[in-house]
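Let me begin by handing over the structure; questions about it come next.
Each chain carries a letter (A, B, C, D and E) given by its place in the written order, and its residues are counted from 1.
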Amino acid sequence: MGDYIVLAISCILINNILLAQYLGQCPFMGTSKKMETAVGMAMAVIFVLVMAGLITWMVNTYILVTFGLEYLRTIAFILVIASLVQFVEMFLKKSIPALYAGLGIFLPLITTNCAVMGACLININEEYTFMQALVASFSYAVGFGLALILFAGVRERIILGRVPKPLQDTSIALVTAGVLSLTFFAFRGMV
Amino acid sequence: MKRSFFGLQQPRFKYDAVSNVNIEPVRIAVPEKVTLFLNRPFEGKTPRTLNVGDRVKTGQKITLYEDSDAYVISSVTGVIRSFDSFLGDYGQALTAINIEPEQTDEFDEALRKALEEDGIAAARDYLLSIPGGMPPEMLKGGHVDTLVICGIEQDLLSITNQFVTKSKVSAMNKGVSAIKKITGVHKVVMALPQSLIQEAGAIGGASGVELRVIEDEYPSANPRLIMRDVMGQVVPADKRPEELGIFFVNAEAIAAVGEAVEKKILPVTKTLTVIKKDMTKTVVEARIGTPFSDIFQALDITLFDRDRIIVGGPMSGTTVYAEDHPVDPRTLSIMIQDSSDVPLVSDYPCINCGECVRICPADVPVNMLVRFLEARQYETAADEYDLHSCIECGLCSFVCPSKIPVFQYIRLGKYELDRIRLEEEAEAPETLEEPAPETEETTEEETKTAAAAKEEEA
Amino acid sequence: MAKTLVQEFTKGLWNEIPPFRLVLGLCPTLAVTKSVESGIGMGLATTFVLVCSNVLVSLLRNVIPPKVRIACFIIVIATFVTVVELVMQAYAYPLFLTLGIFIPLIVVNCIVLGRSEAFASKNNLIRSTADGLGIGTGFTLSLGALGGVRELLGYGTLLGKDIMPASFEPFSFAIEAPGAFICLGLMLCIMNLIGSK
Amino acid sequence: MGDMIKMVVVLTVLSAFSGGLLAAIRDNTKEQIEVQQLTFVKGPAIREIFKDAGNDPISDRFKLQYGDEERSFFVGVYDGNPKGVALETYGKGYGGDVGLMVGIDTETDKIIGVSVTTHAETPGLGARAKEDPEFSGQFEGLSLTDTIAVTKDGGQVNSISGATITSRAVANAAQKASDIYKRLKPEIIENAKSIAK
Amino acid sequence: MYNRKKFIVSHAPFWHDGSWIAQRSYNILLAALPAVILSIYYYGLPALGVVALSVSSAMLWELGFTRVSKTADTIGDGSAAVIGMMFAMLLPPVAPWWLIVAGTFLAVVIGKMIYGGIGGNPFNPAVLAYAIIGVSWWDYLNFDAAIVNYDLGFITMFPLALAKHAGMHTDLFNVQQIISSYNLTDLLMGRQVGGIGATFGLGLLLGGIYLIIRGIIRWEISISFLAGVGFTALLFQAADPGRYAGPLFHLLTGYTLLGAFFLATEDSSSPVNFLPMLIYGAAAGILTVLIRNIGAYPEGVIFAILVVNLINPLLDKIRPKALGKVT
């Protein structure tokens, strides 16, 4: 149990997927201008990443490794993730329309989100067990959501400030993301 | 006015009390020219009931435009010399009527006739521009649940209502019973500072007014704060008290109503407080329409370039361009400010010091609000940052170390939102009309199918 | 307005240069630009995948049924990504180690899929090649430039050679994660300044 | 219906093409990738151990079966004699397996040197096992007849301060190497000789 | 005959309490002086040089930025001087000139001006600059390395580093023993190693109380910060007295007092509502001790403040219901 907590804290705070692993930057920049969209995106990522993490882990362990097809990992994973997102979208639309309305627009964005794909690949590279992969996937997603929401809070204010013209929008957002990433140094050594 | 050394403690403003001061008002002579404002844009071509050269009597109801029942009461007997267009606050367009008064007053008899023929309710059509002013919605016959008489002004320094409350007890008594009959209101409340409660006892006893004490600290005389603290009812931010049937009137107006029904002549003399540069106060009585310059002359006040003439108090008044600006029925005070005391605004952004948030009596998140207002995001300001909760006390501007014109931003924001809302409402009927063709189409289709059916039958 | 082939190529070098103008492909941009070498390596790998997939998609554009369009693009792209992955492991292993999972992640790089979807599936072979080459070159240049700045500040070197005077204390912040964001943000600011002139 | 068939056909053909291409490339790069991995991942560690060897220990390697695993051994040739062999073993560390290359002198049965290959330990703590020459230096000259362990477990290796787990992992790995070597010694020497020829 | 006077027409209110940003800035400088002067007394000219260069270069960067970007001059408001002063207060007395100049650039330009100047910065500029510098040039900030050549008549070891070291080697040291070599008077009177403006406990307390009384900083933040540090340190000490130092030690060493009164209270990056201020301060205090006791750095104030700066916008959404607000 303790090990899982350490893993979780490490994935959320120290090896934060956005701020330390540089994954998922485009949605990070794209959905952080407003708190509402940030929260929506965070939820969607948590939802998809946990499912994708587990399914790709199983695909890798039971199919690719068993048949010596590791070199097809990239292609297999992207197909799994793409179809998963499609499936989730269809499923939600039919059975949980409220959730679909909330997550709907964010789901397609996630297909081509390297955070999801990246986290799945990290699970494999780190040789995590099934439980570890579950904890790590969830924690990465929570870390993504946490950073995204904190960032949105800061960014909402920056947008109202008097940022010089050439720095406006993405430029100042990147600088701020840098500080965000620096801020997370605070948790170094804590697990 | 300066921030104290102990800045941790918030600045406090006390309303001035008049109970112990014996004030003799200065009476201003009838001026050489009076100017009355009619709440209608000036239209040269619209047929008028009166024209330049016509004579009017004191107390005469002037309904200038034939196609409108907006009126103003003449405060003198004299000859109309000209009409003008005048821009009020936020570009409100008014018609200015300039009258040259004669030496002696000849009083208009319309009110007397109306009262004698139709009883007291007939006064309703004459009271709008009585000294102190009456809420138009109340006179139009809207439901009046509660009437709150303000024995004290919202803003600081001005003592007009207190003075009237103290000196015109019997007129107020009559005014209260009259206004009860005119509007049918049962509950009349008078909000007073503790210092006046003795004097006002007489009013309460005779005419069935509930007396309520308000704190002597600014801005507790603000209508919304009176509602919350004295009446125990919070007015929703997006509603005005009037919409709940609660009307606020100045004590002066009630006294004026009393005088009017007693003498059957409309009073035309306005009481007001003049605050000089050294903050000494003088109570003045002048005909409505008297140019400020006459008052200044009578009080030996000299003005220089870059001084400021403020109508109303220091926290929420408005400034005027010219010395010959006339006294309006609602003018409670005139304040003169020396150019060296004029605080400058800066174009600094909010530094998030939080002074405004701590002082705001309405718990408005001013620090955030001001950012959205500056960015002209009025809708967000209203929806998420409580623009409409602001009771317009001006304290936030007072304490802002960035010298941001916060209060001005707030008023502008509210004004802009109102404008947008009005525009949308104006557009709304068009959108309502749109469904009409659709129904026509369906009927057409129905007729067609009906026709087809007939053909088939055939 | 049809563009000439040259314009099709050069638009990727300035008007639509990723990641500055097209704010896409940020992750590899941030992750693998600790040095000029790794930046350019990543750029070239991406360019290869871009050009190959543009070519193939453009060739197949009339054959691919619209409904499975995205799936086909993904297969095509993933194939070329895997080719790069294998070839790089075989012949440029140290580079493969520095680029890490960002090589397989080219498959989700929005630039690549975006180009297939927005350009190659609607244009002929030659145009698509020019487009892929242009965007790819622009991307490579961007990564190289950012890598240069970070390498110079963070290590005091360029392409591994000492550039700064001996007394220079490397500003290693530039090669840490926060430095990546800030350098990219400031470079974007400079691009905006130049662009607005 | 036609659409459906077309979709299936296109997807199948594309997948087949992709699979074929990748399989072909994979077969052609397999050897090379292994060499590269050895050169760049294990290479530094091996060279560290066989500093003065006259051969290239990476190319002079052989494989032996140990239990159900196949293990690689690298031979260091000194003055024409195959005097040392190196093998890689693993110990359970703080952040996962710690890989350790252990070089053994076949004449004296003493450790020539050890070097950490792969690890996921905490920077500044466990990671010092790889960076701190003082720590790995302690293994030099240890005799395989003794049990190798950290001082806390009654052995002779001082642990890195604050990182006993990592230190223990390294000691365990060394001990494992010792066990393997002792079990396979005859075959190892035979193979080494034949390679040196 | 037209001879009309020109009157000023403007909007209410027509009074202002006369407060002004510059006044706040200069009062902060004033409050910082005791701590800085004592350091200059101990360390002499080098410390004075660091302070002077830091303040002046900060102001020059701001001047330069406003000139280049063709915006209104703002150095008069004193904010750049305050940032320069705060940055200097964090530094060891022997910081090299280029590090100071680079640091003030990061603080003023990256930390403040690009966010639109005063009021726009989401993070405390001086703290941000120090963190960036620390990542790159830690060796120059490391007190133990920096002042190794001084003989000051007191222990020339950074107390927090010593305590952390001892806490990591409980087989060799007992933390309580180690920290008992720093007595209370020493810590209060600046007889300890630390940043230029961070050692004189009493001076910082006086400065802080002055600023609180003047209403320039918000006491809620300072007090909850100190309470957070004290309480967390107490818990740690109770859990393992051999490993963790007690509350008084944590309160009077490192940047704790500087952080509580001067850094965490920076207007733009801290909340303004009551409850958020308490949470903000307490979180910073708790985090400070967490970083010191179980994190990677011996000193925790810097990163603790950056973290709470980050959550400030979210915290400040907790606020009283405005008058008449429905739902």
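The criterion applied here is as follows: a contact is a pair of C-beta atoms (placed from the backbone, for glycine too) under 8 Å apart; a residue touches a chain by one contact, two chains touch by 3 or more.
Just so it is clear, the model here is predicted, and its values are computed rather than measured.
Chemist: Between A-C and C-D, flag the pair that has more C-beta pairs in contact.
Modeler: Taking the two pairs in turn, the one with more contacts turns out to be A-C.
Chemist: Could you please state the distance in Å, as a whole number, between where the Cα atoms of chain A are centred and where those of chain D are centred?
Modeler: Roughly 34 Å, centre to centre.
Chemist: Please work out the Cα centroid separation of chain C and chain E, and write it as a whole number of Å.
Modeler: Distance between chain centres: 41 Å.
Chemist: Would you kindly tell me how far, in whole Å, the mean C-alpha position of chain D lies from that of chain B?
Modeler: That gives a centre separation of 89 Å.
Chemist: Between chain D and chain E, tell me the centre distance in angstrom, where each centre is the average of that chain's C-alpha atoms.
Modeler: That pair's centroid distance is 50 Å.
Chemist: Give the residues of chain B touching no fewer than two other chains, as numbers and ranges.
Modeler: Expected reply: 349.
Chemist: Give me the residue numbers in chain C that touch at least two other chains, ranges are fine.
Modeler: 71, 75, 78-79, 82, 86, 176, 178, 182, 189, in rising order.
Chemist: Please output the residue numbers of chain A that touch at least 2 other chains, ranges allowed.
Modeler: 71-72, 75, 157, 161-162, 167, 172, 175-176, 179-180, 182, 185, 189
Chemist: Could you please write down every pair of chains that are in touch?
Modeler: According to the stated criterion, the contacting chain pairs are A-B, A-C, A-D, A-E, B-E, C-D, C-E, D-E.
Chemist: For chain D, which residues are in contact with chain E within the complex?
Modeler: It is residues 124, 161-162 of chain D that touch chain E.
Chemist: Considering only the defined contacts, which chain A positions touch chain B in the complex?
Modeler: 157, 160-162
Chemist: Along chain B, where are the residues that touch chain E in the complex?
Modeler: 1-3, 5-9, 11, 224, 228, 234-239, 303-310, 312, 314-323, 335, 337, 339, 342-343, 345, 347-355, 357-358, 361-365, 367-368, 386, 388-389, 391, 394-395, 397-403, 405, 407-408, 411
Chemist: Under the definition above, what is the set of chain A residues touching chain E in their complex?
Modeler: Within the complex, chain A touches chain E at residues 149-150, 153-154, 156-158, 161-164, 167, 172, 175-176, 179-180, 182-183, 185-190.
Chemist: Going by the contact rule set out above, which residues of chain A touch chain C in the complex?
Modeler: Listed in rising order, the residues are 19-26, 28-30, 71-75, 77-79, 82, 111-114, 117-118, 121-122, 125, 165-167, 170-182, 185.
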